[in-house]
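Multiple structures are listed underneath, in structure tokens.
In the two complexes that follow, chain A is the common piece, with chain B as its partner first and chain C second.
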Partner chain A sequence: MSELIKKAAALLESKSVQVVIGYGKGTGNRTRTIFATQVTECENLIFDSRCVQNLAVYLTKLEIKKLGKPAIVAPVPVLRSILQLAVENQITESDLVILGITSESELIDFESFAAIETFLTTHKIEIEEKYTKTIDAIKAMPVAERFAYWVKELESCFKCYACRGACPLCYCTRCTVDDNQPQWISVASHPLGNLEWHIMRAMHLAGRCTDCEACYNACPMGIPIHLLTKSMLQDVADNFGSYGPSLDKQNTLSSFKPDDKESFIR
Partner chain B sequence: MSKIGVFICHCGENISATVDVARVAEAAGQLEGVAFSTDYKYMCSDPGQTMIKQAIKENGLNGVVVGSCSPRMHEPTFRKACQEAGLNPFMCEMANLREHCSWVHDKSEATTQKAIDLVRTLVEKVKLNKPLFSIQVPVTKTALVIGGGIAGIQASLDIASAGHQVILVEKDPSIGGHMSQLSETFPTLDCSQCILTPRMVEVAQHPNIKLMTYAELEKLEGSIGNFKATIRKKAKSIDEDLCNGCGTCTTKCPTKKIPSEFNTGLGMRTAIYVPFPQAVPNKPVIDKENCSYYQKGKCKVCEKVCPTGAIRFDQEDELVELEVGAVVIATGFDIMQPSGFPEYGYGKYKDVITGLQFERLASASGPTLGEIRRPSDGKIPEKIVFVACAGSRDPAKGVPYCSKICCMYTAKHAMLYQHKVHHGKSYIFYMDIRAAGKNYEEFVRRAIVEDEVNYIRGRVSKVYEENGKLIVKGVDTLLSAKPVEIEADMVVLASAAVANPGAEALAQKMHVSYDSYNFFSEAHPKLKPVETNTAGIFLAGACQAPKDIPETVSQASGAASKVIILFSKDELSRDPLIAVVNRSPAPVFSTCVGCFMCASACPYQAIGEELITNRQGKVIKKVAKVNPGLCQGCGTCVAFCRSKSIDIQGYSNEQMCAEVIALLNHE
Partner chain C sequence: MQTENYLIRKPSLEKLFNDLIGGGKTIYAPKAKGDLALFSDVKTYSDITEDYIVTANSAKLVVFPRTEKLFSYHKSKEKTEITDAAGSTFPDVVLWGTRPCDAAAFIPLTDTFNGDYKDIIFNNRRERVFLISFSCSRSDEYCFCTSVNSGPGNTSGSDILFTKLSGGDYLAEVITPKGQLLVSENSDLFETKSEEDKEQQLAVVATRFNQVEIQAKLQNLFENPVWDDKSRACLGCGSCAYVCPVCSCFDIQDEAHGNKGTRLRCWDSCGFGLFTLHTSGHNPRETQGARWRQRILHKFLYVPNKSKIAGCVGCGRCSRSCPADINILDTLTSL
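Moving on to the complex of A and B:
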């Protein structure tokens, strides 16, 4: 990825950005995020199939914002998140430089968020069959069995909130789960507390999640929480005809339309 | 420290017959934070209210729960009583022990227990209530009236005569609506135009009325007292200030064969036209769809002949923004096109016409100058059949309701026919004769007895043509279902009154509700017949349901009086039950993260931005801000805010949570 390194270095050199957020080599076979603020640090940038972490998560973090204007290495899942963050008014075009990477690992520039949206029309979110099969099987279970399934799956959750930390869309200043006046969600990691947390997490992502799987990748216990968001994604698409972020359509679930057929809203 | 007073009402026997009210009061007295609890026969009565006031003063209460009827009924009563005793009115809540409990359950222990639960939830809520203060909004004392039929005309005149400004918007080139098309009117048979046109002229001359014809509502924003309306003034292609209404253009226009809407297709008009001689304003418009110049680029005859040079081919639609304080919807109705029932042959046989077409035939200003001549050959029909309930009261045709006006106008039509064609024979097929109204039954009797109209109780199954006659096959159900067959020269269908085709779209633009037939819905069928569910928007006339002229005019005056009441004060006080975005100490300032999902969810466009700045004026955070003038307190935004940063005052998430927990924590 010498081209990526060159580009990143040039951006820092010309002071177009103050930091480059990208992937670097970690311990063992792992990768880690690097925040290059010096031209020399750019040499550590890599990009290969191991680079799955969603870097968009850093765009809204206060500590990173303090470093100045960023350039961000953005493979497809990151691009989706960037677009969703734009829809949610968290970033504007002048806030960042995007070092886009296609699924063929080629560099691609984006002049605007709209250009990202156009690009993504050829990279639609697709839920793999292995997941749809599992989701369908879970949905087919009788309620009690399904309940037991999730109680079991979530049993090992110890509420480290790594899923929340890894999700680019969990950028609230104060998460509802941290409220204690009143305590909406019980903090203990007993079955009820775990269910409450994960239902809330999934609901808060309804109509927003872009299926990057960062939550699942981050979970130290390997709990398949991405099944919840994937299923939700499917439901939203089935009922509202939308799949993935769109600047035009705005917020899939929270856009009032005057021709809404529900009478309670009028 | 909460010091709450609980007041349980018997509501005569409405509550006490099934709920053990004394036990509810006793149980409430045991609740933490409750300092006083009692029960009484009629809490809303004067002694009841006095009891509340005294208890507040004597016990220093800082919260009140009244367990009685629905807050829709007496919330203002009790809040006012609290206020008089020095308590903030919003510290008073009602537990609905009647509609939610005693009326829907039998007398039992469980019913009493439920009443106790309801009271407990409200006690928990009141503990979290905060004093709130009404919001004062200025009132723009200009009314927007949409639709210039008799309803809109009457409402405009009434409001204007009370000294307020009125903007009357009519989509057609002239005001007048259906009434201008009618010949004579039941139950007095006075000429419709003779009684209508003076009102139309009055509208045109009234200094407080601004008339906008050929115009439609594009957008309505804002709320009661302060709406912002955008009106699309369709291009008339003339300069109205220059045009003196001489009419030269309309006589010289070479495109003459356009079916006249005013004459229901029975007459023709030109491309530049004034719909009828008494039109207000009496200035033409160019119908672009049919004008040779607009369609083929050639002609401009009108421009050449116009003595004042008023023709403007390059005129474009204009959008006008208006500030108004109230809106009256008076967009009227339409008649169902009888092509929906092929068995009557409408559209196939020229001499099968609608009631509205008959009005034009009978009208002195109509295509036959008031002589009843059939459309096919201009002959005077010797035998005429009227079919009442053509479409109405027929679920299969999508109109299960009664159109209300047809029985009366059909009797009128038969009468007018008999008055004009003395030797003619008229028949009316009817289902029932509905003639409830002052002098209505007498009117129908006159048709039957004096004018010898033949009423046949039964329905028509088929109309077909044979040897130049229209064969009407029906049944007479009064004479043991005997089939009847009449050889008629003309058939008149009293086709159902239906909502305007544009009614649904208009309702959506204005956020008012409408029923399954697209008639606008009143806020309460009995007690709020001219209000809509949206404050500040009122209804007049047949846009709400089929209506005759007397009823339309009364409702229009009713709507006008509501507007005048609204305009009688300079400021309007609104309940402060609106959304607010929270604020917290630095460095957080507000938990709002500025995603503005709430803004796109808000049906009233009430949410905007607010920039939080530091002492140096640097923007630290962009957060949502609710405009208290626009917010209707629907709570949609609250449901969408993940960070729970937005709350409805008086119904906060925290209060709702306290209520739920109180219900769940059941001994």
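Moving on to the complex of A and C:
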């Protein structure tokens, strides 16, 4: 990725940005995020199939914002998150430079968020068949069995909130689960507390989640929590016709339109 | 006590397991889940996996559960009735398949719960735990037990340590009187031991740093760019603390339902933004860098200053589980 390195170095050299957020070599076969503030550090940038962490998560973090204007290495899942963050007014065009990377690992420039949206129209979110099959099987279970399935799956959850930490869209400075006056959901990691947390997390991401799987990749216990968000994506598509970030349509579930269907009111 | 050596044949392991289950013990052992192994409540011997370096979760859950009821209360017009959980009957637990690092962790963990206040619930649970550890024949780049006074065949903390020998049978080192009792109760399974070389069966774990030197360096490193540099990618989750076999910070939560409720002790982590946040809104550890410093200083300066040993056993779980690949060895070796 010599082209990426050259481009990143040039951005720092010209002082167009103060930091380049990208992927570097990690321990074992893993990658680790690099925050390059010096031209020489750009040499450590890499991009390959192991680079799956969603770097958009750093755009809203206080410690990273302090470093100054960033350039961010953005493969397709990161681009989706950037667009959704733009929809939610968390980032502005002039405050970052996007080092886009296509699915063919080619560099691509984006002059605006609208350009990202245009690009993404040819890169729609697609839920793989292995997941749709699992989700269909879970949905076909009788209620009691489905409930037992999730209680069992969430049994090993100890509420470390890595799923929350890794998600670019979990940027609330104070999460509902951390509120205690009043306490909305149980903080304890018992079966009820675990269920409450994961249901709340999935619901809060309904219509916003861009299916990057960062939550699942971060979970130290290997719990398939991405099945919940994938299922929500399907539900949003079935009921509202589309999913995926859109500057024009705004948030599917939190935008009111006079011609919205009201068939759910009984 | 003097360690006594025995030989246990491979098939006898299963028999020992079944005898313990038959005797009413709860057994926590490594069970495969996808690519991971997790300490789980296991009832059937065949559910145990041998394919793991260390489990993803730590064995501390049997003495320091993620959620522990301290007491329950019931209010009526006349009085408030309190039922102290310390009076509960705690299960007899056998930890099967702990690694030497896991067993060693019980020493600093027990210290923490026996400082100025002797924690009755913790001690009641601890007394009922029996540790059957298995030496390590494999290690990975995240392991550093030999740098914190442990090692792949270390016996500290275990009641019995099994080491797999080249023929497939196991060397059984009996370390405590509790261990000796188990052997005498199952004497048909244990044979008098020959002098086979244990060392050659063990994984090689290189020494990565000198703990005493690290402790000395940390005295003067409170203000240092290393904390921000090494924690920049931190996502502010509690994964490192929750998989750690030594981390023991907790938070108290009350759960009320009408006129009754419970007080719970729940795990807490220095990685969280809420950690040590004052009511006033001030937080002495406002950034992830300050929180990462707290984690390192606690384990390698504060704990050793107090009790000579580190608050870390070198299992490497924190580094393996970190979603941002923040590596504790990387920080320690760069000081």
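By our rule, the second predicted complex is superposed on the first by the 259 of 266 C-alpha atoms of A that agree within 3 Å, B and C clash if a C-alpha of one lies under 4 Å from a C-alpha of the other, contacts with A are read in each partner's own complex, and residues count from 1 in each chain.
By definition in this document, a residue touches a chain if its C-beta (ideal position, glycine included) is under 8 Å from a C-beta of that chain, and two chains touch if they have at least 3 such contacts.
Small disclaimer: the values here were computed from a predicted structure and weren't measured.
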Taking the superposition on A as described, I'd like to know which of chain B and chain C A:35 touches: first, second, both or neither. second
So, does A:84 touch the first partner chain B, the second partner chain C, both, or neither? neither
Under the stated touch criterion, which partner chain does A:189 make contact with: chain B (first), chain C (second), both, or neither? second
Looking at A:53, would you say it contacts chain B, chain C, both, or neither? Reply first, second, both or neither. second
With the two structures laid over each other on chain A, which partner does A:26 touch: chain B (first), chain C (second), both, or neither? second
Which chain, chain B or chain C, ends up touching more residues of chain A in the combined arrangement? C
Mind working out whether A:159 is in touch with chain B, chain C, both or neither, as first, second, both or neither? second
Is A:218 touching the first partner chain B, the second partner chain C, both, or neither of them? second
Touch check for A:229: first (chain B), second (chain C), both, or neither? neither
Enumerate the residues of chain A that count as touching chain B in its complex and touching chain C in the other. 173
Would you pull the chain A residues touching chain C in the complex into a rising list? 26-28, 30-33, 35, 53, 57-58, 61-64, 156, 158-162, 164-166, 173, 178, 183, 186-190, 193, 214, 217-218, 220-222
So, in the complex, the side of chain B touching chain A is made of residues 508-509, 511-513, 533, 588, 591, 593-598, 600-603, 622, 634, 636, 640, 642-644, 654, 657-658, 661
Seen from chain A, its contact residues with chain B in the complex are 88-90, 171-176, 179, 181-182, 184, 204, 250-251, 253-256, 258-260, 263, 265-266
Chain A-facing residues of chain C, complex: 33-36, 38, 56-57, 66-67, 140-142, 228, 232-239, 241-243, 251, 253, 255, 264, 266-267, 269, 272-274, 287-289, 319, 321, 323-325, 327, 330
